[in-house]
Amino acid sequence: MSRKGHFNAAHRLNNPDWSEEKNIEIFGKCNNPNYHGHNYDVIVHVSGEVDPETGYVIDMKVLKEIMNEEVLDRYDHRNLNLDIEEFKTLNPTAENIVGVIWNRIKERLDNHLELTVTLYETERNYVEYSGK
Amino acid sequence: MSRKGHFNAAHRLNNPDWSEEKNIEIFGKCNNPNYHGHNYDVIVHVSGEVDPETGYVIDMKVLKEIMNEEVLDRYDHRNLNLDIEEFKTLNPTAENIVGVIWNRIKERLDNHLELTVTLYETERNYVEYSGK
Amino acid sequence: MSRKGHFNAAHRLNNPDWSEEKNIEIFGKCNNPNYHGHNYDVIVHVSGEVDPETGYVIDMKVLKEIMNEEVLDRYDHRNLNLDIEEFKTLNPTAENIVGVIWNRIKERLDNHLELTVTLYETERNYVEYSGK
Amino acid sequence: MSRKGHFNAAHRLNNPDWSEEKNIEIFGKCNNPNYHGHNYDVIVHVSGEVDPETGYVIDMKVLKEIMNEEVLDRYDHRNLNLDIEEFKTLNPTAENIVGVIWNRIKERLDNHLELTVTLYETERNYVEYSGK
Amino acid sequence: MSRKGHFNAAHRLNNPDWSEEKNIEIFGKCNNPNYHGHNYDVIVHVSGEVDPETGYVIDMKVLKEIMNEEVLDRYDHRNLNLDIEEFKTLNPTAENIVGVIWNRIKERLDNHLELTVTLYETERNYVEYSGK
Amino acid sequence: MSRKGHFNAAHRLNNPDWSEEKNIEIFGKCNNPNYHGHNYDVIVHVSGEVDPETGYVIDMKVLKEIMNEEVLDRYDHRNLNLDIEEFKTLNPTAENIVGVIWNRIKERLDNHLELTVTLYETERNYVEYSGK
């Protein structure tokens, strides 16, 4: 069972251990110190046994609530680098964002459920993470 | 090789072993006794060896016919609960519909082919089934 | 300024002044007495002067509220023919639905704003109405 | 003839003549002082006579160049409020951005061509401008 | 009322009155003598009065038939320059194709109906024609 | 990390070891000797460890360059059967094209990265290949 959500956020890519020159060389225009932004789409896939009483793997209303609380309400219309605790020290690449989201949602699910999170940074670029 | 089709159908979610209250609590507005409906999108993925003579895993025209006969012609513009034999006793959640579709198509394919079926109930909610 | 919403509903097409045969001839499988359903997408376009203080034609949060109250909360997960007052006597074709939606939203807007409503019954079929 | 492009940018909505309280009341989370961001999609529609020698209204390669120079290269991966001259004093609402883009492209086109610009701020919210 | 269809075809752009050099200069890689191809999407918009008996502007089943006969069955899996009579002497630019389609469909409609045809050559490039 | 690109090309399906009749029987209108065409979408998925210094699995700018050099610049606006060396003797079915693309890109990637390529021939038909 999968569900899609989205949030709009500003970010920049930067490694504070590197010189300004190296940051520009590696991250290009994504290093703009004034930030740029994206409409992120996030797809949460939960798999497991179908409950014979409900016919559900997971109640979509419950999954929607978890996504809102852990991801959408927290990140929407925010600056990831400045406003979000976890990206104050972690570079907000798509790979790192998807890992953080995966951890936050995984803790809220029953243990027997498997989780994959896909994050679209743009329509053309996206990452997927399943916990390993 | 994958192919996408769609059908428009009415349904409601209900467990006849439960009280009306419990059905409303669990299924919410999906329990509406007058039904609601969806434009379902179904994606059928068939994988296996590429036939060296045709360059095909499966002839797309054949797969299209199987999908039409087993799914699209049977479900399109129908009420799943009232018009479709298999959902008279099985709750038509996305999880249960995808399982029924998978079984119907699997029987029509050569044994060496692997099958995955993905069903979109809305653009934001979908399920996937590969036979286990 | 335009905004998109959607609702899932069941309906059937039927003219009570005609025989069953004529209804089937004209409306085909859309006449199924057990109903079928759609994921309707509705796009509301509002045009007019840009307010120099806000830079807005209309505040998107206000338009979102109007759409929810007049359309999405009323029609979502309903049977249009049975549950919705206005379609008890009016055949719920896309053309008639879009006219009803246009009237409900127009009454909520400032008089100087122009309104167009587009309704997608499926990804391939849609209608547009601007009040004439 | 129409062509689609996109750019990713950060922005915030703010009216410097208002108190902080009024800005928050009107612009809500779009007023976040640390900015948020979007993947903007821009569609440029050019209409006019078809040239009998080429069969073109306008050469798509020429239109693509104009869009890149006037819009995409200038706005992509930028902070609209801080990095772009025209939005240092003009609130970057979708309505104001589309007006600026329209003016920049119009100056580059032959006088007999008509221009409409559509700007999607998100998949669900967009504005259209034709010069009046 | 609008309906969407698509066809897959090969074509090349060429003006036989010009030198090879001029054709390459103007049409670039679209002039490739071995042809290239597209998945064309065509959207047919028909507007007019809603018939009070049916609630339809035009019966979608009828429009679908007209589109299949006049456009989709004739152009799908064809080479526009070699296989289609009307493009043997007319350069198959998107502008010229949309004009031909408009004429073919217009002749099949009741006189009081207005027609607009939109043709997508790619997801990013499209043309629209309303008969003037 | 995944990235999407597209190219427009002409092709036909044909097995030179078969009679004309057998080719028509098996490949239907895809056998048209004058070719037809598609807007191919190609999605390249690369997976592996996230580099702790950059937060990247692979630099998207590098992957974009590889895709342009190995696939998009080579195939766009070409006739696959006539203009592309590898399909002069190999039938350009979606299955065969995706295999060729996978091999070309795999050679350019670091050995520890895993690669999947998905090729959409139309919005409804696509193939996926991961190297086995």
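All chains are identified by letter, namely A, B, C, D, E and F, in their written order; residue positions are counted from 1 within each chain.
Rule of thumb we're sticking to: contacts are C-beta pairs under 8 Å (C-beta built on N, C-alpha and C of every residue); 3 or more make two chains touch, one makes a residue touch a chain.
What you see is a predicted model, and the numbers here were worked out from it, not measured in a lab.
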Note = Intersection of contact sets, subunit B vs subunit D, gives A, C
Ask   = Can you name the chain that lies farthest from subunit E, using the mean of each chain's Cα atoms as its centre?
value = A
Task = Compare the contact pairs of A-B with those of each option in B-F, E-F or B-C, and report the one where over half match by residue number.
result = B-F
Message = Can you check whether subunit B and subunit F touch via the same residue numbers (shared by over half) or via different ones?
response = different
Remark   = Comparing C-E with A-D, the one with more C-beta contacts is A-D
Inquiry  = Centroid of subunit C to centroid of subunit F, CA atoms only: how many Å?
reply    = 42
Request  = Indicate the whole-number Å distance between the mean C-alpha point of subunit A and the mean C-alpha point of subunit F.
outcome  = 29
Request  = Quick one: report the Å distance separating subunit A from subunit C, using the average Cα coordinate of each chain.
outcome  = 34
Task = Mark out which residues of subunit C touch at least two other chains, giving numbers and ranges.
result = 123
Listing of all chain pairs that touch each other, if any do = A-B, A-D, A-F, B-C, B-F, C-D, C-E, D-E, E-F
Task = Would you pull the subunit B residues touching subunit F in the complex into a rising list?
result = 1-5, 45, 47, 50, 53-57, 59-61
In the complex with subunit A, residue positions of subunit D that touch it = 6, 8-11, 29-30, 32, 34-39, 76-79, 82-83, 122-123
Residue numbers on subunit D that touch subunit C, as the complex places them = 13, 15, 17, 26-28, 90-96, 99, 123-128
